[in-house]
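There are structures below to look over.
You will see chain A twice below: alongside chain B first, and alongside chain C after that.
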Partner chain A sequence: MDTIKISSFQLFVLVFLFEMGSAIVVGIASGLKQDAWIAVLLGMAGGLLLFLVYHRLFSYYPDLPLTGYVQKITGKFIGSILGFLYIVYFIYCASRVTRDIGELLTTTIYTNTPLFIINTLMILTVIYAIHKGLEVLARVGELLFMMVYLMAFTGFLLVVFSGLIHLENLKPILENGIMPVIKKTMGETITFPFGEMIIFTMILPHLNEPKKAKFVCLSGMILSGINIIITTIINIASLGTDLIIRSPFPLLSTISKIELMNFIERLDVFFMLYLVIGGFFKITLYFYAAVLGATELFKFKNPGKLSFPVGFIVLFASLTIASNYAEHIKEGLKIVPIYLHWPFQIIIPMMLLVIAFFRNRKKKQKTNSDQTSKSEMSPANQ
Partner chain B sequence: MKRTWKILLMIISAVPFLGGCWNQKELTDLAFVMALGVDRGENGHGYKLTFQIVNPGNVTTGQMGGGGGLPIAVYKSSGVNLTDASRNATKEVSRQLYYAHTNVVVISEKLAKKEGISNILDALDRDPVFRTTTQIIIARGTTAEEMLSTLTILDKLPVNNITKSLDVTENMLGENTKITIDDFISGFVSKGKHPIANGFTLVGKKNKGKYKSNIDSTIPEVIIKTDGLAIFKKGKLTGWIDGKEARGAVWVLDKVKGTDVNIDWNGKNNAINLITLRSKTKVTAIVKNDKPVITVSIENEGNVSQADLPIKLTDPDVIGKIERKMEKSIQKEVLGTIKAAQKQRSDIFGFGDVIHRTDPKLWKQLSKDWDNRFADLQVNVKVDSYLRRSGIRTNPFSVDLK
Partner chain C sequence: MFLFLHFVIPHRLIPFHALNAGNLKSIFEKLDKTNRIGYSNQYWLGVSSSKSEAGVMSFLSRMFSKQQKKRQDDNIRQDQDPGKPEDLPILRDHKDNINRIKEELGNSTDVVIREYTLGTHKGAIVYFDGLADSKAISDFVLESINENHTEDVLNEPFKFLLEKAVALGDIKVVRDWGKTYQLLLSGETIIFLDGFNKAISGSTRGGERRAISEPTTQLSIRGPKDAFTESIRTNTALIRRRIKSPNLWLESMKIGRVTQTDIGIMYIKGIANEKIVEEIRTRLNRIDMDAIGGSGYIEQLIEDQTWTTFPTTYHTERPDVVASQLVEGRIAIIVDGTPFVITAPALFIQFFQAPDDYYFRFDISTGIRLLRILSFFLALIGPATYVAATTFHQEMIPTTMAIAIAAQRENVPFPAFVEALIMEVVFEILREAGLRLPRAVGQAVSIVGALVIGQAAVQAGFVSPVMVIVVSMTAIANFSTPSFAMAISARLLRFVLMGIATFLGFYGISLGLIFMFLHLCSLRSFGIPYMSPLAPFNIHNQQDALIRFPIFTFTERPHLISKGNIVRTGTNQKPGPPKKSENDSAKKGDQE
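Moving on to the complex of A and B:
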């Protein structure tokens, strides 16, 4: 396991694809109408601070993933339970993303295909990727990153040149004051997608240059955050506030509005391609975090072997977590952020940091005093 | 044993590629609905739908009318709502109706006036196959059925006649503008705007349009023609604006691309004709003593296209004077439209939305009674015209006649 290493650019790509993932597809914070982008901006700021917490924990234990140092910090018993809960959380999140992608495909193009088939195909691909390991995934990421960027850029130009942008739709800014925006930030955007960086605590130990971890992850978050903000602004500007509330997938509506010179139109395939790429990386990384955690916790030798059982759990969970789309979205917006994202992304890591801080201070004092005693001795040797 | 595994692996690896075939539909099993017509049902119950379906074999170029049959087939069905009627149509149509290429939804004036169209919009908005760029038009003084069964001479598909003539009037005349279902719904939902839709009418013997004889003569017996803009209030058609008034509305909405303006000179009526090449409209609101004032500023750029009296077009001062006259004429026209809309208490320009953007607090009070507030809203129109060129002649020949 220790032999797996990824470069800092590969980590950057993974962070970028993971963060963009499904956040661009579903209308993030769309309930705020024209102020949605402000909530994303604030969410990004909060997410960056959160990542500093995760990074501090990583710098205390640079060789261990989250499930490993949880046991060091809180003790074997509580640590194992927490680690196990994290694994379950990762699996649940992976199945939520799978469901998101499946729902989108079945509502838009594969209207007669059962959800089961679409999710099975996705999960089979993910299992294959996990079987090949993180290095392969990272390399695929590098390839697709270029593709996603090219598509996003072309899409952006096409939207602009079709004359869809009406910036006046963004006004009035903060119509109902700042409070609803802050509420939404706390309830939604800080955790989704920015707080989801928690899964990178599982991957950071595999970075070949640990010193660059902070810079790479933060810049990946900022870049993807900016992209999400730009997308949100484009959606609002081209759809208008009333349509954005009624669209479950605003970006799809925006793209299908592109009509340039009477022949560049019906570009929904752009969106579908992006959706499958982004969704794939998000599911795979969640999945991978779960598999890594389980190998660590249950002392498995080969993480690849776990991919099949975990895959089936993800698949069946993705089908059973909700009986219809409305239920799925309600869970995702009202219940999950408060009862799952907040504890797992914010509260537990913060508590861990506090405990780790005190534990390591003691240790440091010890090592410091060792060093001072050594340095006191050293002049005598000279 | 190894062989079996290999075969199994090949079968499994085919699965991802076959996923897309689940919904597979053969072209020959689909009926491409080019335009959808909605009429009032019998005795006012439900809806009658008309489908203009393309007949692919007869559209191909090179057949030149003779030989092949008609390019379209028109089917009808009825039901309590749109989806019901569309599914009922399968009793007659031998193929599955496919809406991804529907360019136009035609709604009859009667239906729009009597029952309103709020009950048919959701089906069009929700269906993933329907395009958001589909346009909505009103069949004025006729039924959607007659409109869609009329054959046209220049465009093989009559639906293209509708969309293209909208395009071309938008570019050359400015009395109509493309209005998609999305535009219509956003006007419908917004408190500070009333939606409009393009009107189309049939000129000639309406019931003759469906026969091939209509396109066998150089002067067709029936033609489809754009005719005014329909004003909607709460989903019901409440009135029409025509001709120059319609152009005024399109001007305020910043949709005029090209048009022509006639002005009087030295007592001669309509002596000079000017064409507009580019036009830009900005609508702003200022709040004075808790009362909003709307300013519409129009900036346009054009050429002199006709001068029927001796006038020195080489003199910049004269050009300047023509520009001032053009500004006055446009201003009068736009103000006339605004007055007409105020009379009908229908804010088709979205002035309410502009106030909402500039002063959300004031808008909260105004929006409760916007229709009446709009009726006595103060609106200023400011026009800046620039004439750049005068074609390939300088002074008109009439200067030499003197």
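Moving on to the complex of A and C:
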């Protein structure tokens, strides 16, 4: 397990694809109308601070993933329970993303295809990826990163040349004051997508240059944040405030408005290609975090062996977590951020950090005093 | 009784199953002649006498022992061979030797045994007709033996033969039968002399060989026009002519219990990664089969992963390609009897690099290379896209075009997938038939194919004209991949993607492609990630990946392949008109 190593560029790519994953697909903070992008910006700032907490924990225990140092910090018993809860949380998140994509496809293009089939195919691909391991996943990320960026850039140009951008849609800025924006930031954008960086606490020990972890992850978050902001602005500017509230997938609506020379039109398929790639990475990374955690917690030797059982759990959870799309979205917007994301992404890591800080200070003092006593002893011995 | 015989008679002489009442008599006669009297006596005499005559021979044997030891190392594998003669020494009496050869080779008619007399000594020259160069034998061996000789020559006839008479470049002294047969079968001439328990082998390899001709599978517009042949020696020479460096090393081994095929590993010492060379060596040494049919066998026996459609070793019939790859630190495996040389490690991007990429300027080469990669993906997902678009995503087709396609498909009785499958399969059949048919009939097939696919099928309403366009586009796109091994894998995967597209449209295709990328990224060729330098991304090796940068930027070898020795050019290789200061100094030089 320790032999798996990824380079800092690969980590950057994974952070980028993970953050972009489903955040671009579902319009985040769309309830704020034209101020959604401000909420994303604030959410990014909060997310960066949050990541510093995760990184601090990582620097205390550079060889251990989250589920490993949780046991060191809070003791074997509580730590194991917390670690187990994290695994369940990761699995739940993976199944949520799977459901997101499945719902999108069944409501837009594959109206006659059962959700089960769509999700099964996705999970099978993810299982294959987990089976091949993190290194292979990171390499595929490098390949698809270029492809995604090329596609995004082309899409951006097409939107601009189709004359869809109406910047006046963005005004007036902060129509209802700053409070709703802050509320939305705390309730949504800080946890999704930026707080989801918690899964990288599982992957950071595999980085071949641990010193670069902070820089790489932060820059990955900033780049993806900027991309999400640009996308949000384009969505608002081209759809207008009325449409954006009602549209479940604003980017899809924007893309289907592209029309150039009466020939380049209905580019929904490329949106779907992006969706599959982004969704794939998001699911796989959540999945991988869960598998890594389970391997660590239950002392398995080979993480690849867990891919099938965990895969089935994710698949069936993705079908059963909500009975329909409305329920799924309501859960996602109202319940999950407050009862799941906040505790797992913010409260527990902060408490861990406080405990770890005192523990390590004690340890440091101890070693310091050991050293001083030794250095005092040694001349006396001579 | 049978059991007893089996123990007494060396079974290499008479196979056990040949023992029956009918030929028992002859067996006993043989046993008498060769084994009891002739063979064993000679054997012991040979050993004792060789001790007594020290002098010249001990010196010579010492001289050759090093070489022999090396050769023995190469031939360790042969010990496992059940049909091979054991390492028994050559006999003193040359008549016995001749009988033995005749017996063991089953009186094969292409063995030539020419007896001669050197003064009072009798002897025999043995070679295989067709394998050895009979003109060389008559000119450089027989003629000098048959001259009149002085007395002191005849006192030491073996020394005379070895040092003077056999006027050939590469001569060896052989003492055992295993080596004798091995040399004989590779075209050398063995010279026996009565009274000596050793023989001389002279290198007279020759016989008919195909001349060097133009490459037939990898054509190039501006590149050299020579291609490898079936002879390993010609092939190594073709490479050596291009790399005149003493660091170009060639290791040889023989693989195949029965076929004893010559294999050469060629690499440039100091550039090639020692670890990979060692890995190739061990993988080749592991091979223990009766027959090696050609480099295709070797390729399949040493590759990293069998369960993949993608080739993880490269093969080419162009010496210039091999030479440039050797300089990059790759290792070439040359197999006797095949005009295709394997090189390893092979990377994905390498299969899209054609030799002309380097002979033309970089802008053109880049464009063409991108076109090739595009056409690879076109060949991969062409029919799948058609199936997906007509089954699931009609809305993505522009309206006028959609109406045209719908009108064409109106009379077609099949769903899009069946239509595509029929056409693709028919095309594959035609292609395969065209490959196997005699050249004279080939044209007939292409006419039938064009008529059946192009005209009749459309007119009969079995397939739509759009489908014909898609199939032919796919086929042509597939041919534009420079490497056949890579093209053929796209050919196979195309059907898989078509199947997924039928059920899940573009969602299926994109998942299928992610699956393929995952597989590609998990592949390794001799430990090197298959998709490098794209994934893992290496900024220093991008000059010859997707985009072919100008030649002067080729300053570094592939990092993963040639570890250590990376710099390949001097600094500042950028061409251009001389700078002003240089110009001035040049003028000054002229004036002086």
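Throughout what follows, the second predicted complex is superposed on the first by the 369 of 382 C-alpha atoms of A that agree within 3 Å, B and C clash if a C-alpha of one lies under 4 Å from a C-alpha of the other, contacts with A are read in each partner's own complex, and residues count from 1 in each chain.
We take it that contacts are C-beta pairs under 8 Å (C-beta built on N, C-alpha and C of every residue); 3 or more make two chains touch, one makes a residue touch a chain.
The structure presented is a predicted model; accordingly, all values stated were derived computationally and were not measured.
S.K.: A:L243 in the overlay: touching chain B, chain C, both, or neither? Say first, second, both or neither.
M.R.: first
S.K.: Look at A:V140 in the shared chain and tell me whether it touches chain B only, chain C only, both, or neither; answer first, second, both or neither.
M.R.: second
S.K.: Once the structures are superposed on A, label A:E259 by its partner contacts, choosing first (chain B), second (chain C), both or neither.
M.R.: Only chain B; A:E259 stays clear of chain C.
S.K.: Considering only the touch criterion stated at the top, classify A:L267 as touching first (chain B), second (chain C), both, or neither.
M.R.: second
S.K.: On the superposed three-chain arrangement, identify whether chain B or chain C touches more chain A residues.
M.R.: C
S.K.: Which partner does A:Y128 reach: the first (chain B), the second (chain C), both, or neither?
M.R.: second
S.K.: Determine, under the contact definition given at the top, whether A:T113 touches first (chain B), second (chain C), both, or neither.
M.R.: After superposing on A, A:T113 lies in contact with both chain B and chain C.
S.K.: Thinking of the overlay built on chain A, is A:L85 touched by chain B (first), by chain C (second), by both, or by neither?
M.R.: neither
S.K.: Share the list of chain A residues that count as touching for chain B in one structure and for chain C in the other.
M.R.: 109-110, 113, 117-118, 121, 125, 265-266
S.K.: Which residues of chain C touch chain A in the complex?
M.R.: For chain C paired with chain A, touching residues are 392-393, 395-396, 398, 503-508, 510-511, 514-515, 517-518, 521-522, 529, 531, 534-537.
S.K.: Can you check the complex and tell me which residues of chain A touch chain B?
M.R.: Those in contact with chain B are residues 107-113, 117-118, 121, 124-125, 168, 171-172, 175, 239-240, 242-243, 246, 253, 256-257, 259, 265-266.
S.K.: Please name which positions on chain B make contact with chain A in the complex.
M.R.: Residues in contact with chain A: 15-16, 19-20, 22-23, 125, 128-129, 131-133, 182, 185-186, 189-190, 356-360.
S.K.: Chain C touches which residues of chain A in the complex?
M.R.: That would be residues 7, 9-10, 105, 109-110, 113, 117-118, 121-122, 125, 128-129, 132-133, 136-144, 262-263, 265-269, 272-273, 276-277, 280 of chain A.
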